[in-house]
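This structure is in C-alpha cells; I'll ask about it shortly.
By written order: A, B, C and D. Residues from 1 in each chain.
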Amino acid sequence: MSENNAPALIGSSGDSLREAFGKELTRIAPEYPKLVVLDADVAGGTGVHHFRKAHPDKFIQCGIAEQNMVAAAAGLAATGMIPVVTGFACFLERAYEQARLSVGYARRNVKIVASHPGLDVGPDGGSAQALEDLAAFRAIPGMVVISPADPIEQALATRAILEYDGPVYMRTGRSGSVRLFNDDHVFEIGKGQIIRHGLDVTLVACGVEVARSLKAAELLAEEGIEARVVNMPTIKPIDEALLKRCVLETGCLVTAEDHNIYGGLGSAVAEAVTKNRPCPIEMIGLKDSFGTSGEPDELAEHFQITAPYIAEAARRAMARKEHLQ
Amino acid sequence: MPICAPVKETAFETATAHPVVSAPDIEVQIAEAARFTRRHLIASIYRATSGHPGGALSCADILATLFGAELNVWPSSVNDPQRDRFVLSKGHACPTLYAIAAWHGFCDKKESLNLRKLGSPFQGHPHVKDLPWVETSTGSLGQGFSVAMGMAMGLRMQKIRARVYTLLGDGEMQEGSVWETAMCSAHHKLDNLCAIIDYNKMQSDALNEEICGIAPLADKWRAFGWEVFEIDGHDIPQILSTFHRAATTRGKPSCIIANTIKGKGVPYMEGSPAWHGSVKLSHEQAETALQALGCTAEEIKEFLDV
Amino acid sequence: MSENNAPALIGSSGDSLREAFGKELTRIAPEYPKLVVLDADVAGGTGVHHFRKAHPDKFIQCGIAEQNMVAAAAGLAATGMIPVVTGFACFLERAYEQARLSVGYARRNVKIVASHPGLDVGPDGGSAQALEDLAAFRAIPGMVVISPADPIEQALATRAILEYDGPVYMRTGRSGSVRLFNDDHVFEIGKGQIIRHGLDVTLVACGVEVARSLKAAELLAEEGIEARVVNMPTIKPIDEALLKRCVLETGCLVTAEDHNIYGGLGSAVAEAVTKNRPCPIEMIGLKDSFGTSGEPDELAEHFQITAPYIAEAARRAMARKEHLQ
Amino acid sequence: MPICAPVKETAFETATAHPVVSAPDIEVQIAEAARFTRRHLIASIYRATSGHPGGALSCADILATLFGAELNVWPSSVNDPQRDRFVLSKGHACPTLYAIAAWHGFCDKKESLNLRKLGSPFQGHPHVKDLPWVETSTGSLGQGFSVAMGMAMGLRMQKIRARVYTLLGDGEMQEGSVWETAMCSAHHKLDNLCAIIDYNKMQSDALNEEICGIAPLADKWRAFGWEVFEIDGHDIPQILSTFHRAATTRGKPSCIIANTIKGKGVPYMEGSPAWHGSVKLSHEQAETALQALGCTAEEIKEFLDV
C-alpha cells in the first residue's frame, strides 16, 4: 500500500506564491552560478524542493537551526555566493538577531525568503502565523522588504532580488493565490503601481490583500465610489512618490495587509504620508492580535481583513476626508 | 468509539506517589489508553484534513504512560500548584496530547476530534488559551523545553515538589536553544526536570542523519551533564520503570532517549518521513489506519463520519 | 596591587536609567514575593547587580543564552512567579521569537527589561546599538513597550510593570541621564504628558530624546516659537487621546527617539494621527542606518538627533502646517 | 614603540604552504608579535577609556601564531578569494585583532590605537566596513562561528582550498547557536573549518562554572562530531603544531581547546573576571601593565601620550 498511498501534501497547488518562487528560482538558477539555497528542514513547504531536485549541489540543508542558517548565509555571501535562505516566516524570526547583525549590519548579499506568512498557514494555528515579520525586518537598517501579490509578480520579484545587491526579506505564501497580472507585468524594487483607477479613495495593499482590495473596489463601485487600488509589493523602501500622488488625487487612503496593523505596510504608509502631505488613513490588518486555527479565507473573514471590511474602511476614510474639508 | 473509563479520576495525590494499582493492571490500562490515543489522533487528523500523523503516533505510548501512571494531574487538579507539569515541546504532535487528555477526561472525547478548526480550542499546535491543561503554547521547536526548565525552576523556588516532564523530537535536537537549556538545567541541578526524546530517527523531510546527524545522542546529553536512559519507547513496562528511575535521580536532570518508530501502529506510515506532515488523509487511508489499529467497522464509522 | 587596582566600570554613574531601575527593583522586591530576576551574564551592566546582592535567592543566572532565558521566564511565570528578564537590548533580540511565542502568544506575565538601547552603548559600536527593538517588540501582539525619560520615571515604571499583568518590554539606559521630573511625577502605562506648554508645534519624545526635546523647545522659544513637549514613555499602547488633542491644538508634530525612524515611536504616532486627525509629522531618529563607535552624545550629534535638529524639524513641520492651511 | 618588520610581507602563497622559516625562528617572531600585540591592546584600551582587556590578553598568543604562521593572508591579498579566513567570533577581543593586524601591516600601528572613537574604523567590535581584512562583523556571541561555517561551505563549493579559522570564548559556548553550528559543520564534514576556544575559564561576570558550567568541554565537542585538541594556549610551539595537525585532519572540522589565562601578561589582571570589560584603565594601571609587558619608559610614554 505504501507506494500508491503517498500522502497528499497540503496546499501544494500550482498557483501558490511559494510554487511560483520555487519554480522561478529553479528556472533561472543557471544564470546565477553563485546562487545557493539554504533550507531548515522545510523544503517541502517553501517551494525549494524544486530547486533541490534540479540543483542538488547548490542546495544546503542546515537542519532545524534557523539561527545558524541565516548567519551561515552571511558567511556564504562573504565568499561571493548569493545565498537564498528559505523557511517559514514564523521560524525565520528565530534568526532575527542574525539577520540584524551578520546580514544587515555587515550588509551581506543575503535573500531571506519566507513562506507561510500572516494567516496563510491556516490550520497550523496562531503559533505559526507570523503577523509581525514585516515590522521586525523593516526595522533592520538597509533591509529591503517585499511581499508580492500574485505568482507572476512573485516570479518577477525572485529575479529582482537576485539582481539586487544587498539584504532582502521577501514573503511568499502557501495558499492557492488569485492570479492578478499578465505576463507583461513589471516588478521593480521600491515601486508600487496603480492597478485600478479611481479618485475617491486609494486602497494600498500588499500580498493577499491586493486581490481583496480589488474586490473591495468592485463593492465600492456598486455604490458609485471610485476606489483606486495600489499594489505595493515593496514595503521598504516604500514608494513615497506614488503615495504622494495618491494622497493629492484621492485625499484619503486605506492600507490592507495580512499582518499586525502595527509596524508593517500601514505604518510605512503612515510614515510617508505624514512626512509629505498628511491625509486620513484607515488600516486593515490584525488588530494587535495573534491568529488561530482555521482555513486562511475563514481566518481573513474572522479577523476582518476581507473585501467588505476594506470597503467599509474606505467609506470611513472618505467620511473623514469630507469632515476635514 | 470505545468508551473506557479513565484510569484516574481519583483525588489528588502527592508528587511522588504512584497510583496504587498492581503493575500488570496498570500496564494493561496504559496499553488501552495508547490504543485509544492512536485511533483518536488518526480520526482527528483525518477530520482536520491536515496534521502530523507520523510523529503523533511515535509518542503515543510515551504519553499514555506519562498520563496513565506518572503525572499527578487530573481534570480536577489542572490548576493545583502542586501538580506535575507536562510540556509538549514537539508541539506538532498535539493530536496525541489531545487524545490522551480526552481519554483521561480533561476534555471531551468528541469535541477534541474537532482539530485545527476555526473556533476550536484544539489548534494545530497546543495553545494555553481555553485549554487549562495545556501548560504552555508550543509549535516552534525548542521553546517548550526552555519553558519547561523555567517551570522546574519556578516549582523549586516555591518549594513545590512536583516534577516537570517534556517531550522533544529528535529533529528538535538541532535547535541550539535546546542545548542552552540542557546546559543551564544541568548547571542548576534541576532533578525535577525530565526530558524525553522521541527518537524516531526522522524529521520533516527525511532521516535525521540525512538532514543533520544528531548521533551519538546519548553522548551529547551526558556531556551536557544529564542522567541519560536509553529505552524502547514502545515498551510500556520499560517506560514505566525508567520514569521511576528518572524520578529518583538526584542532583541532575534526566533525559530519556526513547527509541521509537515514526508512524508506529499504522503499517503504511511506519518508517516513512512522508507522513510527517502536513498531510491530508483520504477516507481510505484513515480507514486502513483505523483497521490496523484494531477498530471495528462500527468504531471506524463513528470516528470518520463527520 | 590587585585589591586597590579594581577596574572602573564604565557608565555606572548613579543617575543612569539602569541604576534607577536596578535600585528600585531591589528596594520594592520585598513587596513582590513572586518576583524573580533573570540575567545572561551582564548583571554588572543592567543594574541588577544591586538586586543580586540583596536578593540572591531571587536571582537566576542563565549564562550567555538569551533564548533560553526568555522562554524560561515564560515557564517561571506559568508557575506564578513574576520574572523580570534583563539584558542588553541588542542581545535580547536574540530571543525575539521566544518573546513572541512563549511570552506574547501564551500571554505570560514576563517583563523584559533592556539596557544599552539605541546609541546609548556608545564606544562598543554599531553591533551593540539596538535601533530596532521598539519596532520589533511593538509588533508582537499584546506586548506593552515602554521607554522612560529619567531616573524618577524609570523607577515609577519599574513598579508599574510589576503591577501590570502581562508581557512588557521596557528600555533603561547606561549613560548618565538628565533628571527631568520631581518626586511627585506620575507614571501610568499608556499615558503621555505635556511637560512644556506651547501651541505652535508638539515635540513628542521618549527616552533620552525627551531632555533633548525640552532643549529644542528652549531654542525655539528664543525665536518666539512656542513648542509643546510631550513625554511619551509608553510607545505601546500609545496615548491616542493626548496625540489627538495635540494635533488639534498645535497642528503639527515632531517625534524624537533614539531608534530607527522606521517602526518605533514615530510610526506609532503616525499610525495614531492618520487614524484620527492627520497632520504633518517630522521624525527624528536614525535614518535607517546602523550606529558606530563614539560617545553617546557625540553619536547623537553625528546622527542628528540632538536639540538643534529637533528644533529644525519643528520649523519644517510648522512650515508644512502653514502650507496646508 | 618597537618597530619590528612584519613576519610576512611576501608574495601570496598557496593555502597549505607555510612560511619557509626554521621553527625556532618563527617561534621567536611569533613571541615578539604577541608581545607587541599585548602592549598595543593595552594602549588602545587605555586611550579608548573602555574595552575588554582580560579576554583580549588571553588570546594574544593564539592570534599571533595564527597570523604569524598559519593564515595565508597578507595586506596585499585581503581580497584574494584564495586567502584563508579568520573570524573573531568573540568580537569584544578586537583590540588583539587590530594589534596583530597592525603588526603585520594590514593597518597603521598608530591609527589602530584610535580605538572606539567616532569616525575611526576601529570600532569597539569588529566591523567589515572600512577594514577589508575584517572578514565579518561580530560582537554578538555565537554569530561569528556560524558565519565562519558559511565561509567554509562557500569556499568548498567554489573549490577553493583555503581554510577558515575562528576564535570563540568559553562563555560563548553557552550560546545555543554555537551547537547548531557545531552539529551542522560536522554533518557537512567541513574539514576546512577550525574553531579555537579561548578557554580562560572566565566570562563577563565570574568563572564559567559559577555562571553556567561548560565542562566537560572536550566531551561536548567530540559528541558533536569534531576532532578535538586540548592545548596550552600560551605555548607557541604547541599552538603551531596543533594548527598543523588540525590542517591535516580529514572528514571533520577541528576544535582546538586552548587553555589560557584571562588577562595573561598583566599580573594584576590575571585570573580576575573584574577585568573582563567594559573597564577604564587609569594612567597608572596602563603604565603598570606596560611595565609588566616589558616596555621601556620611552615606549610607555609613546603608547600612552594621547
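Keep in mind that, in the parts below, a residue touches a chain if its C-beta (ideal position, glycine included) is under 8 Å from a C-beta of that chain, and two chains touch if they have at least 3 such contacts.
A quick map from chain label to UniProt name: A, C = Transketolase family protein; B, D = Transketolase.
Since this is a predicted model, take the numbers as computed values, not measurements.
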item	value
Joint neighbours of subunit C (Transketolase family protein) and subunit A (Transketolase family protein), given as chain labels	B, D
Label of the chain whose CA centroid is most distant from the centroid of subunit B (Transketolase)	D
Computed distance of Cα centres, subunit B (Transketolase) from subunit A (Transketolase family protein), in Å	35
Whole-Å gap separating subunit A (Transketolase family protein) and subunit D (Transketolase), where each centre is the average of the chain's CA atoms	41
Centre-of-Cα separation between subunit D (Transketolase) and subunit B (Transketolase), whole angstrom	45
Interface hub residues of subunit B (Transketolase), defined as touching at least two other chains	127, 137-140, 142, 174-177, 180, 183-184, 187, 212
Subunit C (Transketolase family protein) residues counted as touching two or more neighbouring chains	62-63, 65, 67-68, 90-91, 94, 97, 101, 105, 126-127
Touch-based graph of the chains, sorted into line, ring, star, complete or other	complete
Residues of subunit A (Transketolase family protein) that touch subunit B (Transketolase) when the two form their complex	1-2, 5-11, 41-45, 61-65, 67-68, 90-91, 94, 123-128, 292-295, 298-299, 302
Residue numbers on subunit B (Transketolase) that touch subunit A (Transketolase family protein), as the complex places them	48-51, 91, 116-120, 122-125, 127, 137-141, 171-172, 174-176, 203-205, 210-212, 267-268, 272, 274-275, 278-282, 285, 288
Of subunit B (Transketolase), residues touching subunit C (Transketolase family protein) in the complex	81, 85, 127-129, 135-140, 142-143, 146-155, 157-158, 160, 176-177, 180-181, 183-184, 187-188
Sites on subunit A (Transketolase family protein) touched by subunit D (Transketolase) in the complex	36, 57-58, 60, 62-63, 65, 67-68, 70-81, 83, 97-98, 101-102, 105-107
Parts of subunit A (Transketolase family protein) lying in touch with subunit C (Transketolase family protein), wherever the complex brings them together	90-91, 93-94, 96-97, 100-101, 104-105, 126-127, 131-132, 135-136, 138-142, 236, 260-264, 266-268, 270-271, 273-275, 277-283, 286, 288-290, 324
